[in-house]
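One structure below.
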C-alpha cells in the first residue's frame, strides 16, 4: 500500500507501471488478475468558466490520516492485493493529473468496486480544497464536488 | 477510439500513456477530467489448479465487430471523450496482460461506469475462449466467466 | 476432421440447395474434429438444420451459441445462400 | 489576521481555563483573515464554544465541517486542553 500527497507534478501511468513492477507483482507473483485505476485531471473549464490554474489546499496530517482510513476501510470490505493512491497539492495547471487511485486484486469485481469507492470516499471526506484562478486575476473556491453516482 | 486484437504481448500502462499523450489530450486539450482503466492479467491459478499457460482463441472478424459494437453502445449511453481497448489472443504466460480497457471523459461518473460496462459486455459477448495448460500436459477449456457484479 | 468433412457432403434435403459456410470454435471445434466446413443444404433451412447437417445428426448442445454472418442469433434463424454460420461455447475472454 | 488574533486573547469564560489550537482552511481561512490561532477558553467547552471564541462571536456557518485532533466530529463535541480544533468548508479534492 502506498499513499502519496505531494506538490510535485507526477505521471500517473508511469507511477502505476513502476509500482506494479516493483511492488505488486513481486509481492504476489501470478496472483494478480485485475487492476482498476482512476486518474483525475485538471480541466480548463468548470461551471461554464475558463479556468487558468488551480491551488489545492489540504490539511497536513489529517488529509493523510483520512486517506489511510479510506484505504483501510476498502481493504476490510474487499479482498485486495494492493492499492496506490497519489494526490497533488499546491499549484496546478490545466491538463495536470490531480489524483491517481490504482487497485490490484485477483478478480475484477473487487478492483472495480474498491477503486470507485475509494475515489468517492476521497471526494466526500478527504480534506482538500480547490481554488480556481479565472480570467482577469479573479479566483473562486470550488464549493462542492459533483455527484459521483 | 482504438481497438486492438493482437497476438503480441503488450504493456498496458505504456499503451494508455502513449494513447493519452498522442491522441486523447491533443484531441481534447483541457477537456479531459477523468480516465478509468481496467487491466486483466493472467493468473497462475484457477479453480484450485495451477495454470502453466493459456491459449486465447477468437473468431477473427466477429470478435472485432462485437467489440466495436460494445464500444459504440457505451458511447451512446455515456458522454465519453475516447476509449482504448486492447485484447490479447494466442499463447499467453502467467502474469501477462490479457485485456486493457481505458475510458476518458470530462467527469468521473461516466468514465467509471463505461469502463466497467465495457469489460462486463466484453466478458459476456465478445467471442474469445480460454484454454488453460495444466500440469502434466493436460489442458482444459474455461467453461464460463466469473460474475462481475 | 474426416467425420466432419464426410457429413457436409451429404445433403439431407431434396429440391434446390444452397451453400453455407460453417464454423466451430474452441471446445466445440475439438469435439467436432474440425474448425468448420462448407455445407450444401436445402433452400429453406435454419441454423439448427445447418448444425444437423454439419454435425452428421448430433443434437445441438443446449449452451451452444449461434452466430450468422458474425451476428449473434438463435438456432431458429433462417439462413441464406452464402451465409457464414458459427457455433461456439460460452465466451470466456477478458 | 489582526481581528483573529485579537479575539483569541480574550477568554470569555470564568474559572479554570485551557488552551486549544484552532485551524481554519480554504475559504473559511480567507473569511476569518487568519489560518488559526491558539485560544484560551473555560475548562468545559465544546467545539462550538471554541469557534465563538476564535471568531470573536460570529455565528458558525451551517455547512462548516469540524474536526478535533484530525478526526471529523460535530460542534457539540467537548474539547480538552491541548486539542487541535479545525473548521473548514465542504471538501473538494480528487
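Here the chain labels run A, B, C and D in written order, and each chain numbers its own residues starting at 1.
Criterion: contacts are C-beta pairs under 8 Å (C-beta built on N, C-alpha and C of every residue); 3 or more make two chains touch, one makes a residue touch a chain.
Bear in mind the structure is a predicted one, so any value in this text is a computation, not a measurement.
The chains touching chain B as well as chain C do not exist; no chain touches both.
If chain A is disregarded, contacts among the remaining chains split them into B, C | D.
Mean C-alpha position of chain A lies 51 Å from that of chain C.
The distance from the centre of chain C to the centre of chain D, each centre being the mean of the chain's C-alpha atoms, comes to 77 Å.
Centre-to-centre, using mean CA coordinates, chain A is 22 Å away from chain B.
Mean C-alpha position of chain A lies 29 Å from that of chain D. Counting partner chains per residue, chain C has residues 94 touching two or more of them.
Residues of chain A found to touch two or more other chains are 40, 108, 119.
Pairs of chains meeting the touch criterion: A-B, A-D, B-C. Within the complex, the chain A residues that touch chain B are 11, 13-14, 16-17, 20, 25, 29-45, 94-95, 106-109, 111-112, 115-116, 119, 146-149. Those residues of chain B that touch chain C in the shared complex are 40, 56-59, 61-62, 65-66, 87, 98-99, 119, 122-131, 141-145. Looking at the complex, you find that chain C touches chain B at residues 23, 25-27, 30, 67, 70-72, 86, 88-94.
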